[in-house]
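So, here's a batch of structures to check.
Two complexes, one shared chain (subunit A), two partners (subunit B, subunit C).
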Partner chain A sequence: MHRYKFVLYRPLQFLPVLFGISLITFVLVRLIPGDPARVLLGTKSTPAAIAAIRAQYGLDQPIWLQYFYFLQNLAQGEMGKSILYKIDVLRLITTRIEPTLVLVLCSVLLSLLIAVPLASLAARSNGGPADHIVRFISTFGIGFPPFWLALMLIIFFSVRLDLFPVSGYGETLADKLYHLILPSLTIALSLSTVLIRSLRTAMIAELKGDLATAARARGMPESIVFWRHVVPNSLVPTVNLLAVNIGWLIGGTVVVESVFALPGMGQLLVRAIFSRDYMVVQGVAMVFACATVLVNFLADIVTVAIDPRVKQ
Partner chain B sequence: MSETLLSVRDLSVAFAGEDGPRTLIDGLSFDLGQGEILGLVGESGSGKSLTCRSLVRLMPSPKLAITSGAVMLDGKDLAKVSEADIRAVRGRDIGMIFQNPTSHLDPLMRIGDQIAEGIRVHRGVDGKEARAAALDILAQVGFPHPARQYNGYPHEFSGGMRQRGMIGVALSCDPRILIADEPTTALDVTIQAQILRLLMDLRESRGLSVILITHDLGIVAQTCDRIAVLRQGRLLEIGDKRDVLGQPQHPYTQNLIASHPSMPERQALVVAGHEPAFQKARPLIEIDDLHVRFPVTGRGLFSGGPREFAAVKGVSLQVMPGETVGIVGESGSGKSTLARALLGLTPISDGHVTFDGADIVTERTKALRKLRRETAMVFQDPYNALNPRLTVGAMLAEVLAVQESVPRERIPTRIGELLDLVGLEREFASRKPLSMSGGQCQRAGIARALAVNPKLIVADECVAALDVTIQAQIVDLFRDLKQRLNLTLLFIAHDLAIVRNLCERVVVMYHGEIVEEGPTATVFAAPREAYTRALIGAIPDIDPDKPLLSPRGGDDFVEETPGFVTGDAS
Partner chain C sequence: MTAKWTKLSVATVLATLVFGATIAEAAGVLTIGRREDGTTFDPIKTAQNVDNWVFSNVFDVLVRVDKSGTKLIPGLAESWSISDDGLTYTFKLRDAKFSNGDPVTADDAAYSILRIRDNPGSLWADSYKIVDTATAADAKTLVVKLTGPSAPFLASLALPNVSVLPKKVVEGIGEDAFGEAPIGSGAFAVKEWRRGDRVILTKNPEYWDAANVSLDGVEWISIPDDNTRMLKVQAGEIDTAIFVPFSRIAELQKDPNLKIHLDTSTREDHLLINHEHGALAKKEVRQALDMAIDKKAIVDAVTFGLGEIAYSYVPKGALYHYADNLQRPYEPEKAKALLAEAGAADLKLNYVVNAGDEVDEQIAILLQQQLSKVGVTVDLQKVDPSQSWDMLIAGDYDISVMYWTNDVLDPDQKTTFVLGHDSNMNYMTRYNNPVVKDLVSAARVEMDPKKREQMYIDLQKMAKDDVNWVDLYYSPYRNVSRTNIENFDQNPLGRFFLEETKKN
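After this line comes the complex of A and B, so read on.
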């Protein structure tokens, strides 16, 4: 089991990464023009009121001192207080994290359910009509922006067919999942196009490779050649691609949550940016960054589990 | 010949190219007897692999097809049966093993499961029974601890054990015929001898018929009953091995046999002499207690201090100007590392290397300048060692311009001279490597080495990738150049027979140390060390009556790691 030893020490390497992320998000948020106090007070803003708000949230301090307090809070498991919502950022995030988390999970599962069969179909009919159709769809799919796709799905499935809700989030688990079908499908359709391309290429190479030749030479039926030897070997490169894309996807939920009015992290982030709610933006960015690091860590574990040759 | 099992009649295979079909195998007919080992011999492009793929209709490309002829097995024509029928033949009647076990075994699957898979599919038994049968096969193909090794993955085994594993996979469905496509080409000689011995044992114990594809006449002489010689898709001759090797009918076969490095005529060519001259001159190379160690990668935070792998451990060697020294040893013996350290390409951990009076450790800058101007290297793979985008002329001009050894305006003349030296037509100056054969590329590589006017040429396995007839030509070229240009040659090879032909002195390396050195004739005639004896004994001789590893003579040096590979030497 020494191959899994990295699971113990790899998290130590995350510390400098997270430090870097905190510094970058902290500085970038403050580069956005505008002032949270001004946004908060709106038309009622007077210089005195603005100064009072700024003092209340420590915004009048030098930036390096603000960062120091931010780190100090972070070390104690706190992310400060939201200027807009007037509550703890960490509490705010915990109320919003569930829809996003479930959305990402559903999207990834759904995209695999779409990508693996379609890529298999295309690879096995390499050059045939099925291959052309799948390649056409996946090339087309890359060209569709998710927000447009989301609107099309709403118009077709919700408005025309009245199968799914137009927007919002449910109360019970079943209701929640029901509300998440269209948002997940939107993300899954975009994600699967990337996966199909990678999987199809890897599968075609494996189907022509020595491994498949050797399996056929011992009389294995094509189904065993494919599912026992070609597919696992093709998944190895795709796992890492998937991890990179999940990282990108976590940020991508912002658009989909906005279109479907899901009360998740993405929506929270958008609103926080508009109102210059520095604390919330920092907090959400930190959570997104940690999630990305974590996903890549999981991908490394999965790679080690699939491929006995890999040592981390 | 015993009772005929498989009968090939007038088999032709064509490639459907863009400019019409091209016949790659042309009217091939031969029989394979029960329990017979038939050697299929030929150089690259002779169609020997394609022939065997055609027998079970496993074409490497959909553009290849059998155009005529029959492959008869048990009264069925395999060239015409349905796809389902041929699948039932593959594995169950005709098993196959390949040259490269690493790429033909599934890296993600346990070796035992790969054997069990075939048993389950073909015999329709349950997992437990298949496992028991697989354990039995693992033992038969020479795994010392089947129960433990069942769970090993291919990359955990050494090359020889992987090939045993692949033979096990091929045997899983109990075939009557085994097609072995260059099964030992990628292996060291001592391991090759063991795998060939295993194939012969399996023939005895199972009554297996074997078609053995090889380019090495020594292997067929040692293992086969009959030999078929192929060239350009045609069968030139077929017959009992003693007849074909003793009285070859076709001029091509005669040339093939004459090119084999173990032929006595070729061994007589070794230049004896100018030994007295060595005594007076100063050595060109002096290696004193050289150590080269590499850090082992992949160490974790908690696994303690850095670990090292010693590739060269205390080697001392002197090479006189004009001398030809062969360095032999199996993979991992440190012979290439030694050469790279000598040329300043690999950092030296300990000890001293002096080239023509300059110490490359203490006077690194001076020595490196000397080395770059006075030494050159010839590499194993002639295609990869040449820039595919440069013509041979441009490549030589580049070296000449950098070295500034000849005035700019004389460069074209010098290129012509260099091509003459290596026996290439002058028109090759305008050709690129991809339009040249392997032998021509290697000649161009040698011309590039000569362009620096070297005192020393280091040739690292430079004929290993070439066909035997081409090998012989390149070795002759080296012999000729050495005399004409008074070159010092360090010739690294795993092939002892070639070293025996070319070199005056031979150095045998094993696990980073020199185990034996001396004049070639002495070392080959009376090797002192058991390892050298095993190495020499493992060379398949072209004379069928000089048996391979006579009564298990290599037992002193059975494979180092019969089970799992230990350490991270790679």
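After this line comes the complex of A and C, so read on.
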């Protein structure tokens, strides 16, 4: 099992990565012009009132000291207090994490459901009409901006056909999934176009590869060759592609959550940035960073599991 | 095996559709779509409309502002009297209860006033520094002593931020916990707050006027995207939506299932002028700018004709608004002559614009065109909204568009900010007229309403003559409801009268 040894030491590499991200976010968010105290007080703010708020949240301290306090809090498992919401950032995040998590999972699942059959179709008719149609669609799909796509889906499926709710998040699990179909579809339609291209190329290579040729030589029917040998092997680059795209996927949730009014982290982040709610921006960025690191780690494990040749 | 999975997933999707499609909608629960979710339920720690508009129906205040937005009416205080020296206010409280069943006492009221004045987290402390003591003479009598006479004091008690809170509960569970799950004495009580999604209110059976409340509950739902929010009410998934974009009104008016509500607000958009910069210090130059601006064109382009030309810093729908104030007609030729006379024929102005704000950018281009007709060159400097504020404060601009909305009925707050030269250099304009400044202070302590009204009329005239800024336009609140909703009204200060709303 020495192939899995990286599972033990890889997490050690996460620490400097996360440390770097925390530093960059901390500095960047403070470089944006503007002032959380000003946003909090609105147009009727006086210089004295602004100074009082800044002092209350330690924003009048030198930036390196603020960063030190931030790290100190982080070491104790705390992320400070939101200036806008007046509660602990970690608590705030826990109230908002579920919709985003489920949305990302559903989107990945749905994009695989779209991408695998279409890519298979294209690869097996390599150069044929089906291939051309799929390639055309996937090239076309990349061009659609998600917010526009989201509105079109709402207008067609929710307003015209009355099949899905326009927006929002449900109460029960079934209700939540029902509310998430259109949002996931919006992301999946974009994501699957990327996946289709990578899968199709990998499949075509595998179809011509030694493994497939050997299987055919043993008299295996073509469909079994395809599903047993070609598909699993072409999934390896796709899994890695998905992992690389996790950042993009999280970015996509920001847009989609706003359009579909999903109470997730993406929306939380947008409002926090506009309000210059530094602590919340830092907190959400840390969570997204951890998620990205974790997903890439899991992708490595999955890759090793799928393909015995891979050594980390 | 593949076929089995296909069948299973199809079945799952279908099952989800069937079970999910039954969206439980209690009768008599009003759903309101708004942009953002609230931030806290501790009234002293927020200055945002998203919070205040919900507070009005969850908490109650001693005195309320009526629907017209110009009169104080009894709230938790049934009646009140003011001593002759204007220093002592005595309030008689009505028999009211908090939603947990505890009676509302004078002690709670005194606690709430002192808390907004003294609590380090209070964003409103400055407005209540005038309070010397607040004490309960008995369970239902509150006595407030001021450090000096103040005409606007009574009106300041109508602010949702100084709502009467249950002292026992706030101190018992702590203010952080109270900020998440509050107890009030308003028409509705907070049942659940799903952060980022919605605030769920249920009718408060303990409310003193509960017999006249028709709704079983209210849900304030956050739907940030304007398009989605409008589609949601068009699809009938919510009863009402607020913040309808100007550009959508005409289209929504055609929908037979919908009713558009255009309620008077106190919002005024104006063009700030930096009085310290060169020729702008001359009154004649500022008057010429006022004449050179075609406000009608702005109203038509920006508000699709739904707004109104502004002509006084006290907006229409606010107390002491002077309807006969001077309206300088649009006269570019006269403006040009006036500028030449003042030696400012080739005026160059630096205009700070909020980048990304559609309305702001639209106005900027209109003004640039209009002013070029009188020989004024306008350089547009687009900056991030939060940066523009710092530039205005620093005086790093010649002209810039800003807006103001009142949150108290009394004109003193805005007048002090805009003309009283108190803080922020008269709302960043650096306007400084000592006669006006003295009149602002005198009006604040004048207890005779007749005399006081005259003082504010004079102030409006003087500000107009001096052109402290250029009044551009007033705009209404824009809400939409399904036709089965009745009495969905908002007063000019933003309060929704949900205790009167009916869902048929």
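To be clear about the criterion, the second predicted complex is superposed on the first by the 312 of 312 C-alpha atoms of A that agree within 3 Å, B and C clash if a C-alpha of one lies under 4 Å from a C-alpha of the other, contacts with A are read in each partner's own complex, and residues count from 1 in each chain.
In this text, a contact is a pair of C-beta atoms (placed from the backbone, for glycine too) under 8 Å apart; a residue touches a chain by one contact, two chains touch by 3 or more.
These numbers were taken from a predicted model, which means no experiment stands behind them.
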item: Contacts of A:187 with subunit B and subunit C, given as first, second, both or neither; value: neither
item: Contacts of A:49 with subunit B and subunit C, given as first, second, both or neither; value: second
item: Touched partner set for A:39, first subunit B, second subunit C, both or neither; value: second
item: Which partner reaches more residues of subunit A (counting touched residues only), subunit B or subunit C; value: C
item: First (subunit B), second (subunit C), both or neither touched by A:243; value: neither
item: First (subunit B), second (subunit C), both or neither touched by A:167; value: second
item: Which of subunit B and subunit C A:209 touches, first, second, both or neither; value: first
item: Subunit A-touching residues of subunit C, taken from the complex the two chains share; value: 2, 9, 15-17, 19-21, 23, 36-37, 39-40, 42, 45-48, 120-121, 123, 126, 176, 179-180, 194-197, 221-225, 227-229, 231-232, 234-235, 237, 383-387, 389-390, 393, 402-404, 413, 417, 423-424
item: Interfacial residue positions of subunit B with respect to subunit A in the complex; value: 56, 58, 60, 87-92, 95-96, 98, 100, 103-109, 117-118, 121-122, 153, 155-156, 166, 169-170, 172-173, 298, 300-303
item: Subunit C-touching residues of subunit A, taken from the complex the two chains share; value: 32-35, 38-49, 53, 56, 84-87, 92, 95-96, 113, 151, 154-155, 158-159, 162-163, 165-170, 172, 174-175, 177-179, 181, 227, 258-261, 263-264, 267-268, 270-271, 276
item: Subunit B partner contacts - residues on subunit A that touch it in the complex; value: 5-6, 8-9, 12, 209-211, 213-221, 224, 228-229, 232-233, 236, 306-309, 311
